[in-house]
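In structure tokens below, several structures.
Two complexes are shown next, each including chain A; its partner changes from chain B in the first to chain C in the second.
Up next, the complex of A and B:
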């Protein structure tokens, strides 16, 4: 769809360089990734069987979990940031943003409030600032209007009720943060087909037009083949193969370890 | 009527009720807005009360400045406690704050050179000396502080910082993944609100006029919690209604309506706490969100 299908201008987006990253729970090694770069294309995919370690890898990249060994470097423009020296919230402020596989929501915030929260600058959130809500709302209004118009929620002034609405809201909150690098853990699971298509269209548009790249974890392989420029295949904690959709599709190991299983099931 | 309104009884009732409303509103901010289960209210209140009186009596500092200093001392003590406790789970916070309050009570008892220990600390005069009206004038000043606190709480819940606190209470990790430094906010907010508890502790000092360690007992904490649970945890009005339904009805209204013989009076508090317990059970059975509470929000 755009000129950036092959290689992204990584000066402006983010790139993650994973070096000998190991995560163990007790004695069990769950992630063991040698040396890879993620984010050198607009939209990349991370696929692999259940329990391969995909979500754990995302948690490591965003410091929701800390590494047992090795390091992950986040290149943001000409800055090189060792993610272990940061935490989940400071990385989000550095535009390394993640969504969640398991549905997450704020039970007491409405859909609109949730979006305002995501958009609010830290300097407005002070215990002595009581009269700035109007300013904060107005600053978010344009984005709120855009997302409500694009995705259409039934009661935006109410709470996200269905699993689909919550999932969608999770992704919208991420996009509001203006990520340079966005990690989406099964973004379309639980979404109706039309909403899922809209999410993907929007991601393609944003990665083409803005300084953003995306890593999608998905079991929906049709979607992966269709939208990803580059794919990482993970099994048993390791990245075994990387390549374009065509290369991955035809790969014997991938077929044996994953796709075969999927079609048998 | 006028003479009742200017009487010491009315002034004392008004002042104490106002103080309890304040403690319950602050508890509402801590527990229901920020999600910090503070069971150490008596401790922070006691620090404020004693610190204020010590500044006033031992250092001859003006009462109003002493109150501010007392609040600052309380907040500064709450700060490291918050650092230790607030990344633990709710039950640990509950136990930790409860334990903290009993340490405070004990320290007041032990450090008698400063606090007077069991001999007590006094006398703390009414700070605004306007003759016979000094009690009611002070009562109105306390009420003014409480009104200011309620306005602050009400505004805060609608402000961006309130939204942030709700997000932390609901789902701290999700809030962090949106870039919010949640731990820092929790610590600062806890220290500030504990400072406020200390401020109202300071305002209580002249009402007691003579301080004893046993005043800093967990009863203060439980009274605020029961008022909060009875009144309802979702609104500020719940805190006000809760205090009226407990302290006012049992300690003042019933005493005026049903004057008991003096020998029975000692037993009264025990019956009152039993009655609180019974009310709490009934409210939790029939309206678990409290008297002013709305519908419970499903997840």
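Up next, the complex of A and C:
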């Protein structure tokens, strides 16, 4: 398949082990995952129908929501970190980073300032001088230049205000944080083909060259088939099927519950 | 039915759309363009969510340039925004009902049935607050609410974003259906150009706030579209 099995060094990027994880809202069970590992391949996909529980699972893995039952352990090197008992800051320090499905607003910051903020460890900087401090800016300059050029932002000193601009900026901010384990919730929804191709190329390059692995939630199946080394199929809160793109593509359950006739033809 | 001439609009003092002129008849009309090209701004301008800076706009022959969003909605223009498009504290059913305030009770129930059949996933969650819905479920509610209005002109801003492949197909066949069966005109901004052009008659490509081209949908192929996106 891909070069992934050889390039992947899970010692450095870590693996998330989800064990008997249950999330209920009121009486409704939204996530019910028996036993899976995420992060054993460079780029993995999490797909499934609307309402399957994908975003909720990501929220559980990143402490945006707490588990009703079960546990999620992040194994990296000799460490075993119980994610379910850590707060968001601790997770960020572990370089476990996520993007957001719902478009985030950074309307009060310019595109460049948003990048500077992402590149800065706020505990060491005085907030008021953050955006006009020469050192802070210089530290981020190389990355800023790269991303502005790569994604062709027309007005970098302006604000990201269209839906797609905001979406892209969210992904860039995630990447600037130097994630080892990156969770992306619908990163290309609302991006035109050429921009989503660029996002994907960049993820492939980074996972190949750096210690980074990615989990992508997406409904854009062309993209999922193309880039994922391994796929988890979720429906009704459960992980029903796991496998390589070729294994998932022809699967009857996946077709019936998720893809439908037309797109499959 | 919708005629737009020399329209300039934007936010505050800043104009985003420059000199936009086009006409939408009884058709499915696609709005394409790169991120930040002005698709949402155009939709909001027509729906009166932002004011016109200059130019003229008419619907079914009547001037609507000075009207409010309520007035154009009452004329039969329904708008599904790209963001923040459900009432989070209302349930799914209540969200749908908001769209049908002009219908009598029997008609309203019929329409709710129709929307639930269009998006079957909504049936099981009809009493759930919209603020707790998944991304795709919320998108279905937003489109559903506009269908409840029995509009003459439907404005859809990236309606397929967040929907599963199965539901993307259902959405586009619904668009084709309401156009054919109920003579609804549809103006749809989409990144999913391929599927949009399958149901659209005509397409407009926006580039940096200006019209790059207007063309019959069947004459547009990938290379033509790309050109519009890259300028």
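Throughout what follows, the second predicted complex is superposed on the first by the 246 of 265 C-alpha atoms of A that agree within 3 Å, B and C clash if a C-alpha of one lies under 4 Å from a C-alpha of the other, contacts with A are read in each partner's own complex, and residues count from 1 in each chain.
Just so it is clear, contacts are C-beta pairs under 8 Å (C-beta built on N, C-alpha and C of every residue); 3 or more make two chains touch, one makes a residue touch a chain.
Remember, predicted model here, so these are calculated numbers, not experimental data.
When the two structures are aligned on the shared chain, A:44 is found in touch with neither chain B nor chain C.
Residue contacts after overlaying the shared chain place A:64 against chain B, while chain C stays out of touching range. Of the two partner chains placed by the overlay, neither chain B nor chain C lies in contact with A:229.
Of the two partner chains placed by the overlay, only chain B lies in contact with A:120; chain C stays clear of it.
Judged by the touch definition given at the top, the superposed model places A:163 against chain C, while chain B stays out of reach. Using the contact criterion defined above for the overlaid structures, shared-chain residue A:211 touches neither chain B nor chain C, since it reaches no partner.
Common to the chain B-facing and chain C-facing surfaces of chain A is no residue whatsoever.
Of all the residues in chain A, the ones that touch chain B in their complex are 62, 64, 87-90, 92-93, 97-98, 100, 104-109, 113, 116-118, 120, 122, 124-127, 129-133, 136, 159, 173, 177. Considering their complex, residues 25, 48-52, 55, 101-103, 154, 161-165, 167-168, 186, 189-195, 219, 221, 258-260, 262-263 of chain A touch chain C.
Residues of chain B touching chain A in their complex: 152, 155-156, 158-161, 163-164, 166-167, 169-171, 173-182, 185, 188-189, 192, 297, 299. Across the complex, chain C meets chain A through its residues 11, 34-36, 40, 82-83, 121, 125, 132-137, 140, 158, 161-170, 191, 193, 208, 226, 229-230.
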